[in-house]
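Each of the next two complexes has subunit A plus one more chain, namely subunit B in the first and subunit C in the second.
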Partner chain A sequence: MASRPGYDVLVVGGGATGAGLTRDLAMRGLRCLLVEQSDLAHGTTGHFHGLLHSGARYAVRDAEAADECIVENRIVRRIAAPHVEDTGGLFCWLEGDPDDYPGQLVAGCQKAGIEIEELSVAEARRREPLLTPRLGRAFAVPDATVEPWGLVADNAESAVDHGASIRRYTRLVGLGVEAGRVLWADLEDLGSGERERVEVNFLASAAGYWAGRVASLAGVKLQMAPGWGTMVVMNQRLSSSVVNRCRPPGDGDILVPVGPVSILGTTDTTMDTDNYEITPEEVRFIVTEGAAMVPAAAERRALRVFAGARPLYDPGHQHGASRTLSRSHMVLDHANDGVENFISIVGGKLTTYRLMAEHTADAVCAKLGVDARCRTAEEPLGEARKAPRHYSLGERLTAREQEAGGADADLVCECELVTRDMVREFIESFGTPHIDDMLRALRLGMGPCQGAFCTLRAAGILERMRPSGAAALEPIRLFLDERMKGDRPIMWGDQARQFRLNEIIYRDVLALDHAP
Partner chain B sequence: MSEPILFNVDEVALSADRCIKCNVCNTVCPVLPVTDLFPGPKYCGPQAQRFRSGHPVETWVDYCSGCGACSRACPSGVRVAELNARARARMFEQRGIPLKNRLLSRSETLGRMGSKAAPLANFGLNFGPGRVVVERILGVPREAPLPSFSQGSFRRRFRRIPQPERPNLRVGYFCGCTTNYYEPRVGEAAVRVLTRAGIGVELPEQHCCGLPFISNGDFKGARKLAEANLKALLPVIRSGKRVVATSTSCSLTLKHEYREVLGLYGPEWEELAAGVYDAFELLRELAWQGELELDATLTQRVLYHGPCQLRSHGFGFPAADLLGTLGGIELAESGVECCGSAGTYGFKGDKREIAFRVGQPLAARAREHRAEVVACDSETCRWHIQQLTGLPARHPIELLDEAWSQAERTGD
Partner chain C sequence: MPPDRAPYDVVVVGLGLAGLVAGLGAASGGARTLLVGKGHGTLRFRSGTIDVLGYWNDRSLGSPAEGLPAVAAERPNHPYALAGEDLGSGLEAIRTTAGAAGLDLDGSLEANRMVATAAGTLRPTCLAPPTMRADWDGAHVLVVGLAGYRDFQADLVASVLPAAGAKLGLEVEARAATVDLPSLHRHHLSGLELARLFDQSAFRRDLLAALRGTLGGATVVALPAVVGLEHAPEAAADLARQLGVTVAELPTLPPSVPGLRLELAVTAALRRAGARLQVGTFVRAIPQGGRIGWVEIQSPGHPLRVPVGRMVLASGGLASGGLEVRLDGTLRETVAELPVWLPEAAQGALVGRSFLESGGHPVSLAGVQVDGAMRPLGREGSPLYENLFAAGGLLAGADRAVEKSADGICCATGWRAAQEAVA
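== the complex of A and B ==
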């Protein structure tokens, strides 16, 4: 009945955790199949705040998380250098913030081994001219930022190099459990709609906030409490380092420079849904809180908003605000629920993805009786193997200038400086991508115009390379719908003008609504 | 980050947020269509701006001529040219300012030295071997139009021009380095015209406006000059006199560049900006108020080119408005944004060819009109236009002066 045997482990979920896990297992010599229902890093991993935590945020209240973060922060900087920007972070104490917090922060950081240094207000302001005049004290910590798509792509590539197989746009839709063992899995190819049954030797679920649903396919009850957080993307950087509020962690208290933008956030609403609707109130709240640290946040152009769900696990099945739920990760061996060859990894942070993968892989190996050591902390990924150089903002500008035809005329995405060659090369390596896949891989369409010009160009190149005839306009519609969704809650000022221009181009001039 | 004010902090940087990628700036840029070396105003301005914060700046921004056509055309109010000027300064700050830029900026020093030894200096600059040396050191190609130093500065000549006995208005004249050292005749014509219009003219202490420093990327040098000019000119303005200039690039620098490019903000800078006028702007104002009769004739075929910096003043074409009322004149306007020279841009080796290509429509327009003379308010543009068209290029105030002198001679 089941076809295609021969995998030691089926991994579900191509976020940072699943990709990291697949790599880890493959490096230990196990044959793995990773299935992801969408593009890699399309889940929470692609909808997070961008911060490679130093651990300082947790130093006062959660010493274990702080310890893990600082260790992993150093590892990720090394193994994934090109996806990390060494921005540094500041904790900003503003007049009126709790007087005792700075002392606790310094003590907590010192205990966890996180380098922390108090700066003079003048020095902080020299580094970050847009900081509020209310700034009273400032502390520098080794926060950094990390680009999730590149990180996941490198993990996936390394996994494949070590013999793993990866299937994107493939969903796990059914599990066959007999006598306390998962025997087979039904996989659906979301492109063709075809289903395939594969034999399962061992199942590892790294399905993020969907983990409960995957478990239920095996008849296992696993209560997740997805904690949705909203973020607001600003058109230009408002700071060059990560700016944190120096008070007990709460909503809207971080500002992260990621690529050319700054991301303000975030919030926390426990809700079991796939379609979280961002409210204007949330956006206003985030912008106001951000403006408390950097007043320009209230005046500058917001580009879009997005939300992601923390894959939080609710061990006591209690409900309530997820900030009180444990944020550290947990490896759940479902032998305790009556299924022998099934493990889930839940909770955690992107910063600790590698450690989560290590702990999970350790558990899997123990169950399979495999004796192999984890090597992911030592072996760098992708480009980091050659040149352990961190990302810098000006990189693309420099690259465009150095290549023939890098100028405006050859740009597909003007905002993010993506050239025709980059798009072609990506399509070549990918197969038949959605334009959204280009966004994750190349940043195409992420900039201020939100796809006004690149969508059409990218679709044209795609159609020429992978002719689809009648369906040629479909990728345009899909992509623009997604872009517009992220624009709607911030439809004011410059973005409203942009949106109108985009409408004029696609609705009024190209009549996309009436095209076949 | 030595000068954070240049990036992401002030009003001008904020303006980059307004770009909706409509492309209007690219359609008016005179440089973009004639070379592949420049990726265009949209790219170098709001687009690249998002990637710059404190990081090395790409070098092709140096191909922006700074003519400002993009900023004038932008329907969203992005200060494209100003962003470019700042990026260029940052680039030089990071990579070091080339010697030729340093030397070209020092128009005041060069002028002072040159005019002391004018015959010798001119001989050196305008004859073969001298030009080779100039090309090597300044990077100015030997064909580029270099001005001749004048013997004796304008300041010395100024005193000989009689002032009206009972002036109805008093102004301070900002003559600029070129008038002072190379073309005192422009200054003399200006003072004659102003005094004939019943305006008392004084020549306050003044310094190079700093534009050559700005366009060659030396903001530190430019700021020093700006401070010195502020100190010298504010008392003039506060005593109720306007500061009047004949070089529209100098006046634009005082009014606009100090704040928007150099980031010198504050009430004194506003006051300075509000107190500076172009000479024709003032004359046109008087004519509109019925306080000035031109009443003269100039039988010449004139092509008037409003230089890019004049366009950025946003006051129309006051010189053309007044010249147009002269009897006998056949006046046409160039209708192009920029002659190509845009300050010292057209003087720098690799840019010269570009400046020439940009200037072709203007040359064609001059031929079409069968012009005998080209009138233009900016000095470097005039030198460039002379080469472009083979025609004499003169400041419009010289033409008005000529018309009035003739009227006086024939009048009685």
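== the complex of A and C ==
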């Protein structure tokens, strides 16, 4: 096995926290390596509802979380402006909701310093015409939305600018622990299968709900209690601000406008698994609850469902609903478990990713005797340095359309404006991708037609560039099966109709069912 | 509520193949016929062939005739079990009507024929235009893509076709070529635009010039199924004659040009026979006592109420909008609110885990149950309305995509429903 000179810190996990931590440490002058077993922001970070919390959601029950959220909300708006849309948020009290909650909410927000203003019902309805007639009271708070892939990419880029190294599709497969210290790490390149041993001076795990598995490689027992939350993507924007139910937080009580779609969330099921299976029942529950706030949610088309795992830490090994476990983060120093130079960051939420990184980096620096202060709250990321403007709906579409040649473009995917050249360039740079990789990188097949047209076209371009002979239909089959996962729990209305049309095309007309 | 218009003898709801066949049956029987529908039928999404029965119980059938008795014996609510006797008449109605417009449909119930597709696969069908009836065994195929047309990927077809042939014991050689012509340099070139180009002899001349050098020893030139719209037979014959090869059309993504040719031929024949067609309006059937009293046609301004003598409901299945899945996973029939039968297997999950789930998805068997006279049945198993007959994709009991049976079911049940409606 090849060996290479060591790093000050090996960071495990390329979500928002890991990327933020790597940036923070690199800015303090430490040599860092970040390893991520998949693509950046592929785990929990890429599977959340997009809400940049004002903290109002926590103001009644968890004052500490509320305080953290409002401070970080303001920081993220500043340092990552282009990835934030200033939607604002509404808390909607409906007839029949607990009478005392609005008062508690206002008091909690005021205590945490979260701007909250009661709106007249007429004003709330003017802002959000689709709100239910059951609306009794409404409160405006500074919620916003944040686009996680861009946020993580900017953190990663900044980390690299400060000297860090980042490796994607690389898995930590072994740790060498001697005399209570981690000395080296074995890394496997998941593309080539090659393994490499790197020397490390310190190990920081930001692996989210995989933190337990990372810890076990060091012989440390760390019990995670992943809290799975299911979200439903609706085919259009149903509101222009984040809509929250004004009652104690529970399942199915948020509606988040994200770009051209809306996300309804969420549920909370504690289950230690990599493949959480979403049921039609929980999807129906979310849609029905969402429709209590915005009745149109029940009539519009659901486009996809997905689930993300909250990386909750279970010190007491309890099971059941994880909403009772703390959402606040914790920095765990594994010196207590007999490994001197190993820290894990667990819990938390995307809104406070930067603070989590700061607390972890503070702990790492204290242990390494590094005396440098955190600067991530002051220094803007990427585009925010030049143009501290928030994202607005339509901006990206316009840019994409101009880039793609507008009406003259040679489009492979009309729904998401993906051109033939974009597909070709991606194949050039990737090797032999799955069509699903094109979906993540280019958004090919993500739109309303669910791949009806672009799947055959993409497979044809792929076959032309990377001939595979009789196996040329395999990418189509794999992609159709992959789409099926996000489709199956939302088989109603237009989505069911589109599914059947796609089946007529691929099973009946193109006869893929008896293909070689 | 008083009706707005003078009555028709027969009102057909749905403009897909089943509705068109029912319309032919009614109009040719002398009935004053109205055909009305929300949109065009699924002919425009399909191959332009008439599939009758390609597979049964996952077994490939040499002919529809070979499988039909098993269908009737094993699946009593299958449309062929109920209306199989009218299959021949329904097919003949379409064949004669298409033939009168110069569109031949060759084949018989005694043989399935393998038609190549834009995925390079070979699929069984019963009746097909001459351009889809190439003999693949021993063929040297030049697969021709057209620059700018995205929905026919020649390389993919040429890669898969030999393997698809080998699976059936056929020896097929294939290679790909892409033709680039100035006339193809336009934006968003669709199958329909291409078909109109193929109608022009000037375009064909340019295409022939470009193809001659690349023919090699090819015996078959495979093109996307866009070879002409109004002058399709002439366009294909012209190319074949000048190249000295067989020209094969391969069905591809919607819109389907061969399906459109068929639809245009049948709708023209219906108009000639005195039927009235109304496209683009949603229809509701309103019961009155034990019959359908009138249909309410949504139109700008106010809904039109047209009294119904007899009604044929041919509004299609899930893809067509004749059936709809509710949020709670149950199904509804959208025009007359008829009860929808759902197989037991679909009550857990409507669809399987894999897109190409072997044996199909449970929901595909769902639909309206009818008796032998095509009258929709209530939950207790007796006919609901004395003057309502149903046909085509909304009928329960068949998975058309798995069986490759969609068109034959439309022909058989459309014809039977029309016979009952004019009786």
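Please note the rule applied: the second predicted complex is superposed on the first by the 422 of 516 C-alpha atoms of A that agree within 3 Å, B and C clash if a C-alpha of one lies under 4 Å from a C-alpha of the other, contacts with A are read in each partner's own complex, and residues count from 1 in each chain.
Note that a residue touches a chain if its C-beta (ideal position, glycine included) is under 8 Å from a C-beta of that chain, and two chains touch if they have at least 3 such contacts.
What you are looking at is a predicted structure, and each value in this text was computed from that prediction instead of being measured.
Within the superposed three-chain model, A:71 lies out of touch with both subunit B and subunit C [touch as defined at top]. When the two structures are aligned on the shared chain, A:198 is found in touch with neither subunit B nor subunit C. In the superposition on chain A, A:497 contacts both subunit B and subunit C. More residues of subunit A lie in touch with C than with the remaining chain of the pair subunit B and subunit C. Contact with neither subunit B nor subunit C is seen for A:438 once the two complexes are overlaid on the shared chain. In the superposition on chain A, no contact is made by A:152 with either subunit B or subunit C.
By the touch criterion defined above, A:332 reaches neither subunit B nor subunit C. When the two complexes are overlaid on their common chain A, residue A:469 makes contact with subunit C while staying clear of subunit B.
Contacts of A:237 after superposition: subunit B is touched, whereas subunit C is not reached. Contact with neither subunit B nor subunit C is seen for A:11 once the two complexes are overlaid on the shared chain. Residues 407-408, 411, 452-453, 497, 501 of subunit A touch subunit B in one complex and subunit C in the other. By the touch rule above, subunit B contacts subunit A in their complex via residues 1, 4-5, 8-9, 13-14, 16-22, 26, 36, 38-40, 42-43, 47-60, 76.
Interface of subunit A with subunit C (complex): residues 280, 284, 287-288, 298, 407-408, 410-412, 420, 452-453, 456-457, 459-461, 463-464, 467-470, 472-473, 476-477, 480-481, 483-484, 487-488, 491-493, 496-497, 499-501, 503-516.
Contact residues on subunit A toward subunit B in their complex (touch as defined above): 126-127, 129-130, 235-238, 240, 260-261, 296, 299-301, 392-394, 396-398, 400-401, 406-408, 411, 414-415, 417, 447-449, 452-453, 494, 497-498, 501.
Touching subunit A in their complex are the following residues of subunit C: 42, 45-47, 51, 55, 60, 117-123, 148, 150-151, 153-156, 159-160, 162-164, 166-167, 187-188, 251-254, 256, 317-319, 321, 324-329, 349-351, 353-356, 358, 361, 363-364, 400-402, 404, 406.
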